[in-house]
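Report on one structure; see the data block that follows.
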């Protein structure tokens, strides 16, 4: 992965894989409602993919300097298994953790490349993933951590 | 006639050289005094349309009218006062009584128009030159036309309450209740907000009249759980009570309880004397919680054969197994339940659908089904070590205590959560003799628990640690103890709006050892008794139902209600769900009758 | 029966002859019927005098009221206790606050409400200011009735200064609606005391000028001395009260005799006169006006500046006053003003009767004193009795 | 007036007259009811013997539910600073009453007003039938409780066009929860 296009292609591919993953889980989900949720997640990933494709063609710019709120919810939760009667809570945990992993990956690589445009792109991607993580963490905070 | 008397009058000439009393400016330019009672101003954003101004106006100069700018919503009727200056006498009583403090008067007193219609206007809506006037009459601080403060509820002193499961709230006596009932302005805005739309102003009126039997009848029109709701209702009504805007809301819940307290259970059949209709239909109800029993009560009045299936040994659901007896004594809950059963509702205890009878059989054997099985599964925190044997669920602890079992919590415990279940678990634990620390991830002000519960918990010695996020459960020395690691949170504004969100500060971690940890962070539904095909047909989302009008589901015969079918998850909403489902089931079973009636209406 | 006690009670047969004048034969051409009012400026307010004249001399007087009848006593039976307080002020237009006070006081007495000290003083201040304003208007009226229009300009402008004070204190100039069952509606505004004292000082100075111009005046004396003499024996049989009685030397003043509000804490003596004629009554009122200024100053000196001004009240929207009956009274500028109230425990008053002193002063007393009077003096006589027709009709 | 003097006087009056319902409302006000037969003499005695020389007012209360008018004579004793309210109950149906116009000069005015406002006739009271406040009145005497002022005003006077008012609770029901609440079953 040396050129920016290669990096972006990789990232785009990752989003597609995520979308495929949720579709696969959805296929096996027991109830229609859970299916719908997982397909929504898949759509969300496809949306991410579109953004990255737009970055590649220059229609959209990454924002490597942006501060993204980190609720740090995913960090301390247990790993959960994918199953056919997966709960909404667990589906969210899986999603949060996947976004977190992606974020860590890009941050990692960014640290190893010299400062410059390439690094900026990687940082930008990390921010994107962080945003996705925040999206799911906010949902988790709203719907699961209701404390009632 | 003295010379003096002839000369003295000529003194008037002296005045000719003094400053005249009159002013040269046109009198119209003279502003009224700062507190002058001039033309009316209404701050329409603050006004809640309670109509007290209309009620008090002795001249009938005020109408309450619908305006385009506002529609009815919780705490606002959407109406606004319209003044007829052909009748107004500028006494300002409307300003004095205004519950919202939105109505005032400007110090403007001169206004000329050729159109008499101009003198009939909706203050604050119709443009008038004095609307922005900063001066004028307003109600003085310390002057009230109704008592702004609530009558204090007698409570068990804390030093006693913490040692007993006796009811903490002692209830008003007749004198106190009458005084509290007197504070109601009878606007009826609360009725819209009450999930069951109870006739609140009417039963409060019955207290003022001392006619408690009428009060009871009024309550049973919409709610067969008045003894219960009079104690533990979430009382959304009080949060919208206009009297609460500038003072304390009318204690609607305690007044409801007062009525029930005045009536002996043995007089219920005579007072209520519900007519039971004629019907050949059979209706099954799953779950004997407030939703199920409310549906049963109203369905039975139509004459249907109603059978309630309950998995536990007693009826009441969360009211019995979740709400501790110091808030709702069993005898009071039984007062409600026994009356429902007394009108001919059949109940099968210890009968679990899916285990003892299949859902499909029930569907086959009955003409309609109402399901209300609530949220019975405690949510998991999904943190490491959560499966430690010394991590208990709040629901389980409460159910144990309700059933007379020892939950075995130990002497030093932590409760996690900020809702009413967490408060109940904490206060029950205090009564069992434990030192209780309650960890909550947000601020106390964010807690979904009732403010009273929070205050009373703290008074009883529960230590609340706010902004504390549990991150891991660890083993402690010995199997009887457990450690929890938690981190301090700081509240960060969500850039997208909404309430501030807690963010863990990883450099501020704490670890503490307890005899047990009670987790009470939420519940979800247990729908294991429904096959996945049935679940799909019922269109369940995120473990919850989304019923259509009249609590109907996508399945023809099936109606649902209660915690798993609404977003408020409280007893009064479940009761209304049951009542509304009963209406729906009647329409479903007798479509012809309703269609006919509706055609007649048109 | 008609002769009952007429000659035996006091021995003064003339004072106790209540009989109506004999009708005269108008066709004889000897007599003239003359209507004065209801809008005549020489009549205090809207009422009529039906005069029978023989030459310039009045030989018969009949009073006619009804031009101001608004049925307040009836209206009050159909309004709630709080609503009524906005109605009562209209019963005596130039002096509304006595109605507010007495109505409120009657309701408070029947419902057992004790008003706080500050409200007591604010009410006292309010009532004394009212007395002052009312007297100032009266002085102008009396002077005008004798043809001198300078004094009305002075006194009515000073009355307006007092009304300015009312406007500040109560939010209105005439119908203050300030004294409400349970207390008063507000405390004093910032700087009120200073402005009130300024008005008192300038009014006091003006009264000195009035004394020189109106009272030390050969014309006034000539026209008012000997006019409308009230025989002291008439006082009880005719129910004459207030300055009309005190000018005859009868020391009766409810503020002293049956003290209400803060009057038992104020220093003052009952002022009495000895001339029973129009001049004596005018002099009496001038002195009482000065006394009123003194009492207002005492109120400003002594009244508490903070603390509650309203008692704990029930919700007025459904206020039921316990069944009962009471009669409360206060000394207004014309004497005993009273409210008789009967309640039946409901949200509405059963009966209110408003007793205004003009009821007898403007009718029975007037009809009697007019006889023998010169037509030119009838306005002066009427004003010298200080009557307010609206309180007759209610 | 001290309590003892008051009681002595009341005792004495009770022996001579048919007095009932004595109520001491406050130290300065006592009321009682006397039969119509005794009332005139009693009132004169109070004036001449007990020094209740001042007639504060005279009025009437309509107890329509009992079919009676209660006439009230409020008498005052200046020396003792005490008022006595003498109630005389008469039938609402045109029962004629004695007149006190010979006792106080203003009494005939009160009686004339009571005739106009309640329709009560006082024997030999001067100018009784002259209009007092009302001119050309064609309705029942207006202070009688059955006279409905609102109805009268509705019939006699017009209404302003365009006036109508909504009840907050009903308005909200129609807008927010038409099918719910306790009404439709």
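Order of writing sets the labels: A, B, C and D. Residues in every chain begin at 1.
What we mean here is this: contacts are C-beta pairs under 8 Å (C-beta built on N, C-alpha and C of every residue); 3 or more make two chains touch, one makes a residue touch a chain.
All values reported here derive from a predicted model rather than from experimental measurement.
Comparing chain pairs B-D and C-D by the number of C-beta pairs in contact, the larger count belongs to C-D.
In this assembly, the C-alpha centroid of chain B lies 49 Å from the C-alpha centroid of chain D. Taking each chain's centre as the average of its CA atoms, chain C and chain D sit 23 Å apart. Centre-to-centre separation of chain B and chain C, using mean CA positions: 55 Å.
Distance between chain centres (mean CA atoms), chain A to chain C: 88 Å.
Across the whole structure, chains are in contact as follows: A-B, B-C, B-D, C-D.
Looking at the complex, you find that chain D touches chain B at residues 160, 162-169, 171-173, 175-177, 179-182, 184-185.
Here chain B touches chain D in the complex through residues 49-51, 54, 62-66, 71-73, 77-79, 84, 86-87, 117, 120, 187-189, 191-192, 197-199, 201, 218, 221-222, 298, 301, 549-550, 576, 580, 583, going by the rule given at the top.
Every residue of chain D that touches chain C in the complex is listed here, in rising order: 23, 25-26, 28-29, 31, 44, 48, 53-57, 59, 61-62, 72, 74, 78, 81, 83, 85, 101-106, 108-110, 124, 126-127, 131-135, 142-143, 145, 147, 149-150. Touching chain D in their complex are the following residues of chain C: 1-6, 9, 18, 20, 65-66, 69, 71, 73-75, 77-78, 109, 234, 236-239, 252, 257-258, 324-327, 329, 336, 338, 340, 342, 350-351, 353, 355, 359-360, 363-365, 368, 393. Those residues of chain A whose C-beta lies close enough to touch chain B in the complex are 30-33, 36-37, 69-72, 75-78, 80, 85, 87-90, 93, 138, 141-148.
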